[in-house]
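Here the structure is laid out as structure tokens; the discussion comes afterwards.
Order of writing sets the chain letters: A, B and C. Residues in each chain are counted from 1.
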């Protein structure tokens, strides 16, 4: 391993977070809410340490930076997220929002991984700047994901296709622009434009400017933190809900699509297989849940009411955002379970959404269909085509393998979390599902209107790990736990 | 597709079902419990009907397509379950749906039941219930171990991995020999089970019934308290050993019968299977002893051993109320249920060998993160498995999870509280018949809406036939050509 | 060709048959032998060439089938003995009488296996670049390249501290072989040949070599017949192996054969790839593809990136002198291995084993007859040529490192190191 590069990358991350902390610091001073020391201290420390390490690890020559091994990348990426969570959580700790570092790290990890699971039970009691920072962590995490998976991963060079499971990221034009730096910039612009558009839309829908910004942060990142305990249900506004549905749905689409749409100025970009499937799942999910709600009469005779809730909550779950307007925990079992299932699917690859990703679901399903076909026609040749691309056999097996790893991780983590007697089985299962798929709220004791407070500290550590695993698509983070990683 | 071939094969299956039913018929005459008519009519009816169907459709052209085999297997199980449900129905014991559920749970060796107090049911009907499982058990062994490898059925490499290469040989002479040997082994195990249980102090009726359901890892009992009703450790031990033997790949017995003992003792699946029992029992013993002050170490061990073997093999006999155990033990037991016994046995679940390969695959994938260029063949001990097996095992696992979730969703639509649909589907898909909480008790199944019960029978069949067999029949391309 | 040259130099009449016209014309220029163009397995051609008079037929084409056919034909036509090079073990198993009796092959050369074993032996004794076993492997001769930092560099042989029971029997300097006397001064870059008891050869090498760390990790470039064989041998020694193979099907095959070793599939060697797989941490990098150029290139690359020891298979004689300059520590030549094996067979009798060195010198193991010119008198008195030395004697299972006073007895096995010009003289001395 190359400690120099690892240190340098992480020093960069520290610098970035330290600088970002200046925003809530300024806000705190402007609102005069007295939280400013909680930001000033970590910010100054991070910037100082970050700058120092960054300078100290300045490459001695051009050659020194030329070679980065897989291990370095895997380790740096994982460490970057852990470091962000630990350091980004420090304001919560200093402010006294949480009494111990496990909780503050949980909250910040939930932020940077754009999960949206919270330990806060009374959100309104916090100062505006703290809540602002909490939402901002998600926005920053979202940037990290987009840049990492869409821009950096495909061009890491050697073997990068398999690294970070980017092999089937679903983006044909792995390099949207010839230079990574340009691609990253382009995607950032998309991210910023989407954010700006949402702020405007929310303002137009009647939200206050502070709330609008805070919710924009967490929508675009498909994170789901809100500054209200009742989440979006607080506003009781159809307009706001519509705006959020639209932007949640948009945020779970591969950002590369927007860029291509802009550069190619052709609607044919929208005929992307994954995008179509995503829209299909979204619509089907909404209609399915709507149907159940009507049949069960959860909202009386008001079909419109049922549609409104189903549309919002289903979109929120599929995009792994985790905003809520209605407590789906009170829905009928069928609807509830459908919600749990949708968590695993997640959004499109190349977006900030979590879950298995639509493209992988497509690949897996079509592989299985091909298998069934082959058991009747043993000699059938069944290439798997996505648009014009043929997915090689090895990629299919890799996706199936990732799925298996995903489920096994889910099972093991559930078993470990379930060791606490105070949690119901469904609570621990859904808690793991919600964190592993970076959704946020689960069911029952960790449901939409509850916090994760019911989980004990040991469980919180495990769930923090689950968020990390889910965000980095399991294998990246899992690699660090394998002995061969540490063996030369 | 060849309707005549299918019809004549189904004729044999139905006739065989009727033939087996003669056993409880004779027994009912003997004990005179008033069920002779309800057993005799369906027995004779099915026997005659089956034979008529068989002879009327006997075709000169005996060409069999793969489609035919799939259809025969799936329809065969349904038909025999339909025939098997008649005595329950005619005796007025159950509604048609309950009767079909009971029969399907029997022939798939699931062991889910709607009979709340077996003690109140006529003994010959109980015998029939146990015989259903026993027949289903031998059916599955023959299907997977004898027939499967010959037609490349499912992931048949799994069953024949260590068996002498059967591919190139001709079907008929060999299949008959293999089937015969397997049947003898099955009978011998059953006989040994009966003797062991009788020697351990069970009455002869109970011994026969429990041996039939232990060897088939079905789990029907003649008592509402299951094995706990006997409260005797020799009986528990006898049942445990019988179940443990029944969870082993019958291909291994086949090898042992041919004197190839080295192949048996070196079998990696067998070793892991025994390892799971040992590790699971040890952890649970400690866990039970530590969590529950009421229990002595010996009691903890006794209960842990019995329960882990019972649930790993998917038999689901019980000696203790494991619902009240600690969460760690619950987790372990649920995992064991999902794993199931060895491939090529009467157990359900994913199967030990698939679990081994899955774990190996995950390890290799992680390894690939670090060495992307590495070539890592899938190995089972020293033997390199074909790459296609990797895809098929992974595919199986995905379908397993997807089926589980789909089933849960379907049952959940009936408005059952959320843990229960998951549990019920899990229980049926793994052919265990039981789960945490109320699932597994007869009251639960009896209380389900009729459509939910029928849905569950489909999942029992899916689990029993290892998913793909049934799913293939449901694909459009199956019917096209 | 190498074999032909050697045999012809030894005074045998050699006839070479080859199909390639260009090779034929070149060979006839260089060899003191009759070179013919044609198919060596053709009965017509063989009888024309005069198999009836021939004592020995050596079939060493690249094709097993041709070699076998040639031997069959030759035997039928009356050739007394046949030697064939056979790669595929399916054709020949030394334990089976079939090949010997029916195929008519008296001696089989297995170049790939021998090459793999040679590399394995060299790696087993770190510091040495080759290790040769004699007297049923009781005695070993290790070749060490003297480094600047070595304690022996710059000293005369008599001042070099070697463990008891060992000896410097030869020095190769700039391609020239010297049989050292006590006063011969050693220089950095010299190849030293050290003889000693097998059990202690590591210790002996350690006295002069600098880098004697045990080999634990090895990367093998090329998973072909030599590469895979070697990987299996090393794996059995408990060394961790990485095999790089560019053909995917072959890589799959290799991966299935190896138990613990890692097989990597890569089109070629790239800097990134080699670094990714930590070539800088490997103790030895072995290039074992069938392509000399690819091997040398890979080795150069590996050496530059920090591989500690490098081994390369070099088949063509033209490349051999280059390899040292290119940074190859150990050169393994299948061509030499084949020639040594043939020589061993040809000279069978008093001679037990022969090893040819690239410089032309030979290490010969001879059985001392009951009565001959060397036996019965102290070695210093028998008039041993200056360019030869008796390195060790195996007497009734005991290894003896002789001094000038040692007297050879009948039945001893003597290991002699001789410059090529002295080989004939040595053989005469030992003749009965």
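Definition applied: a residue touches a chain if its C-beta (ideal position, glycine included) is under 8 Å from a C-beta of that chain, and two chains touch if they have at least 3 such contacts.
What you see is a predicted model, and the numbers here were worked out from it, not measured in a lab.
Novice: Applying the document's contact definition, name the chain pair with more C-beta pairs in contact, A-C or A-B.
Specialist: By the number of C-beta pairs in contact, the winner is A-B.
Novice: Farthest chain from chain B, comparing Cα centres?
Specialist: Chain centre farthest from chain B's centre: C.
Novice: Give, as an integer number of Å, the spacing between the C-alpha centres of chain C and chain A.
Specialist: Inter-chain centre distance comes to 62 Å.
Novice: Go ahead and note the Å separation of the Cα centroids belonging to chain A and chain B.
Specialist: From the centre of chain A to the centre of chain B is 41 Å.
Novice: Could you pull out the residues of chain B that touch at least 2 other chains?
Specialist: Within chain B, the residues that touch at least two other chains are 371-373, 387.
Novice: Could you tell me which residues belong to chain A and also touch two or more other chains?
Specialist: If we look for residues of chain A contacting two or more partner chains, we find 70, 158-159.
Novice: So which bits of chain C are touching at least two other chains?
Specialist: Residues 273, 276 of chain C each touch two or more of the other chains.
Novice: Within their complex, state which residues of chain B touch chain C.
Specialist: Its residues touching chain C are 371-377, 382, 384, 387.
Novice: Under the touch definition given earlier, write down the residues of chain A that touch chain B in their complex.
Specialist: 70-71, 74, 158-159, 161-163, 292, 296, 332-334, 336-338, 341, 364, 367-369, 371-373, 375-378, 393, 396-398, 400-405, 407-408, 411, 414-415, 418-421, 424-426, 443, 475-476, 478-479, 481-482, 484-485
Novice: What residues of chain A sit close enough to touch chain C in their complex?
Specialist: So the residues of chain A in touch with chain C come to 67, 69-70, 157-159, 488.
Novice: Across the complex, what residues on chain B touch chain A?
Specialist: Counting only chain B, the residues touching chain A are 66-67, 70, 152, 154, 326-328, 330-332, 335, 338, 358-359, 361-363, 365-373, 387, 390-392, 394-395, 397-399, 401, 405, 408-409, 412-419, 421-422, 436, 468, 471-472, 475, 477-478, 481.
Novice: Show which residues of chain C lie in contact with chain A when the two form their complex.
Specialist: Answer in residue numbers: 217, 270-273, 275-276, 278, 281.
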